[in-house]
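There are two complexes below, and they share subunit A, which is joined by subunit B in the first and by subunit C in the second.
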Partner chain A sequence: MSPGTTTEPATRLDLPPRPRTWPRRTLVFSALTAFTVATCLPAIGGIEIDLAAIAQNWRHGAANLSALLQPNWSFVPRTIQPMLETLQMAFVGAAIAAALSVPLTLWAARPTNPNTVTRTAVRAVINVVRAVPDLVWATILVAMVGVGALPGLLTLVLFDVGIVVKLVSEAIDSTDHPYLEAARAGGATQGRMNRALALPQSLPLFSNQWLYALELNVRISAILGIVGAGGIGRLLDERFGFFAYGDVSVIILEILVVVLLIEAASNVLRRRLA
Partner chain B sequence: MNAALDSRSRTATSRPASERPVLALPPRPSRLGQTVATAVVGLVLLVSAATLDVEWSDLRELPAAVAEYAALMFADPDWSRLPRALFEMWRSISMAWLGAMLCVVVSIPLGMLAAHGVGPAWLRLALRGLFAVIRAVPEVIIALVLLTVTGLTPFTGALALGIAGIGTQGKWTYETVETLRDGAADAVRAAGGGRTALVRWALWPAALPALLSFALYRFEINIRMSAVLGIVGAGGIGSMLANYTNYREWDTVGMLLIVVVVTTMAVDSVSGALRRRIMEGA
Partner chain C sequence: MTHDTQAAEAGHAPASAAWPIRLDGVSVTYPNGTTALRDVSLDIDAGEMVSIVGLSGSGKSTLIRTINGLVPVTAGTVTVGPHTVSGLHGRRLREVRGHVGMIFQGFNLATRVDVYRNTLVGRFARAGRLRTLLGVTSARDREVALTALDTVGMLDKVWSRAAALSGGQQQRVAIARALSQEPSIMLADEPVASLDPPTAHAVMSELERINAERHLTVLVNLHLMDLARQYTRRMIGLRDGELVYDGPAAEATEADFEQIYGRRIRPQDRLGDRT
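== the complex of A and B ==
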């Protein structure tokens, strides 16, 4: 625009019209409200928000909570053996899952497995495994193989494999792989490419997720015993059944300490591995 | 500089081969630490596997057992109880949704206050400590403690999900707020805005998409957790599943598993699509 053409005085700045967002906004908001209201209707399976029950049981609950706040320290020796079992399950489960996750991950990622059929099959199985919650696996496995540490271990392995394979294969999918392309151009077979290039390259991703799986395992295996799958959860459930809240609070504190310790340790390890 | 380099390379090449100094390779880095660490981890692993109360020989019969139970569950699922299962599933979804709402409504203000540059330092440290403690307690244990107050109801489950999620959700909130660019916040401060104006006009609009996306993600997590809480007795699909597993009515258990898996995957995909749309725009 040359100065000659704009002879008239500066006009008011033309603001663009305000975008009309209110119809969509109202729609989204009312949809969310309708959904929320529907979740609160007991008639169709929703939840009865029963504040009156809380008000009524408040004294009872407060007494229990104050009992929980008085840990019975003499109970500590009895918790050590189950806690060790919990940690063993977490560690062994994470190790087995780590070993299983490597071939499955390479199967589930596109750069390391160009075959659509097997890739989709592995991914579908992993997605189904992941869609079943941990304690549901434990319940069913306990019914299948009996009470003990074995169903707990199997639950942890299934759960870890689901997480590690999903996260690592997605990470492999979303990065470029110039080395793999070079190797392919040089005539390498897929198996050699995976072993010589893809595996060493994705090892840091793997070790990161393995540590994460170990952390999650400690947390989960602490409650697996509730359905009979071994570890400290069994003791927790038993003491709850006896209303021995002093013992329960010792167990909860112990779980808390162990979880925090494992988290701190794995943070240190992660920083060293990175 | 260049001349010096040139002369050095010339003298190096003009020297006879026998006089050329042997290239001093740096010493091989010691792998002792790594070897010892691997050995220790392997040893601990072996000891824990050996002392674990598991008959490893049972594993041989496992594939046959899995095949047998899979046939019992999925060969002919009992669809006659499907209406009841859907009713219970909706109860679990409600639990998950209300838990997510409660969690988000509480954790957004708390998380904002825990972010650098918003709340005072003592409050920040206190809130972060609270989040860390809540994160360390498994959800089921929070539910078990709540049971003593409100009794075994789905409402307990929703409350437990709401409280248990605050730890992680609060952490995500303050991390999101802290990674926002400072431009808008500086502009609000320069225009004389106080803490409220800062949150309302700089942080809230910029963080909203991420926070909404996290809220949906919380709902996805809660869908899984609500089934778990049902097993502990909070009601919903988890309770039904635990009951029929105890009755060993495997055809019903198979049907319930199908309902759980299909619902979870459907919720995941819808919520995932919404999250992508929120984060990337239409």
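== the complex of A and C ==
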């Protein structure tokens, strides 16, 4: 600020009129409120949320909870083998998905695949894969290839490929790639410049999502066993069936510890790779 | 395509000879409706060093990109050496591009990739189908790329990531990438606009040397009048996509520049003398 302007009275600024946004904001807010209330009215087909059920049934819950609070530590040895199977599924699934995600991602991103037809086709397939929930994939695959770790592994691969390809290809789309113009100007083929330049340039984007996929895998594969897709989930389902809450409690704690460990490890790796 | 034996006989000097450039009634209209070039006709002899001067938006970048087909022409023909660029596609277009080196205002290096692999990109057009498919480089590719890096004085940085280099160093690597194509034409799109004055002069001198020693046809986009006067013999002026000046650069008067710019000369139209 120059010394002259501080002493003089402030000149009137030629401010353009402020746009009126409150009628619009009020309209959107009241519409959202009305919609939320409407979905809770059973009279017009809304969902029934019976809060009284909590008051009536909390005693059962409390009994279960107190059973869960007494872990049966002698059950630990029996959980080791299924837990290792779960971890194995998670790692192998993430590794296979990482390998598959590289070409698919480069096909699904505009800068690395200017061909609209193949790009749209890859994106459509990935969107369909992502639209199917993981438990539904697991159920279908158990029916197709039988009970065990294999359907679980296939589910994880499909799930991871969907996530990695979508997130990384969108990240590639939203960044500039001037080096690709230079390579194109020098007469390089798209495939060669993708491999030599676009892939190493995008590797941090990939490694971030690969690690995220691994974290998700440990969490999901604990659940997949419930539909017969192997791992610790199957044991969890079985112990629940026998109302062995002490054993269930051990399994839940074990899953919690493993998930936390994997997340801590991947956070360290992520910082190193950035 | 050059055979290894011929190149070995020729020794250090690139085997390819300079190409003339010819634009005949070239117009470019982008898909969004903007007309960037209107009926431009030009004849540039093999081995000439020519500057294209104009303000941003005058069509210089578009003009230089029609020469290697990065921008397709809407009307007219572009001829480089024995090839008609307009209308070429796929493999044939890539082959022609292999003979035309290009450097950019933003250097356009892959920043996470080392200098060596950035330079090797210049050899991609010369690789056969099998090498392209497998992504392998031949001993000759390595030798040409390393020689090019040595020429621009960047051999000691060969294993550094491009991001670790200064702007001037990055532009030198970009020049090495273009030189390792063993090109017949060198295009430069505002090569010094992102550099400080001493570095800008160094890069312009490098282009001058390439023109003098390798006898390449050099076409360089500039918006500064004194750089055009100092480093090029012939100057082409563009305004609103039309050719408004074509003549010797050294004798271009202030009035000529005012006509090209479409306004009076300002201090920022000059970079300042060589130091």
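As a convention for this text, the second predicted complex is superposed on the first by the 242 of 274 C-alpha atoms of A that agree within 3 Å, B and C clash if a C-alpha of one lies under 4 Å from a C-alpha of the other, contacts with A are read in each partner's own complex, and residues count from 1 in each chain.
The rule we apply is simple: contacts are C-beta pairs under 8 Å (C-beta built on N, C-alpha and C of every residue); 3 or more make two chains touch, one makes a residue touch a chain.
What you see is a predicted model; the values in this text were computed from it and never measured.
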First (subunit B), second (subunit C), both or neither touched by A:Arg192: second
Which superposed partner A:Ile223 touches (first subunit B, second subunit C, both, neither): first
First (subunit B), second (subunit C), both or neither touched by A:Gln88: first
Which superposed partner A:Asp160 touches (first subunit B, second subunit C, both, neither): neither
Subunit B versus subunit C as contact partner of A:Glu215, first or second or both or neither: neither
First, second, both or neither for A:Glu254, with subunit B first and subunit C second: neither
First (subunit B), second (subunit C), both or neither touched by A:Ala182: second
Residues on subunit C engaged by subunit A in the complex (per definition of touch): 68, 70, 93-98, 100-102, 104, 106-113, 117-118, 120-122, 124-125, 127, 132-133, 135, 174, 177-178, 181, 187
Parts of subunit B lying in touch with subunit A, wherever the complex brings them together: 44-45, 48-49, 51-55, 58, 62, 65-66, 69, 86-91, 93-95, 97-98, 101, 132-133, 136-138, 140-141, 144-145, 148-151, 153-155, 158, 224-225, 227-228, 231-232, 238, 241-242, 245-246, 248, 253, 257, 260-261, 264-265, 268
In the complex with subunit C, residue positions of subunit A that touch it: 178-179, 181-189, 191-193, 195-198, 200-201, 203-204
Partner subunit B, residues of subunit A touching it in the complex: 35-36, 38-40, 44-50, 53-54, 57-58, 60-62, 64-65, 68, 85, 87-89, 91-92, 95, 127-128, 131-136, 139-140, 143-145, 148-150, 153, 219-220, 222-223, 226-227, 230, 236, 240, 245, 252, 255-256, 259-260, 263
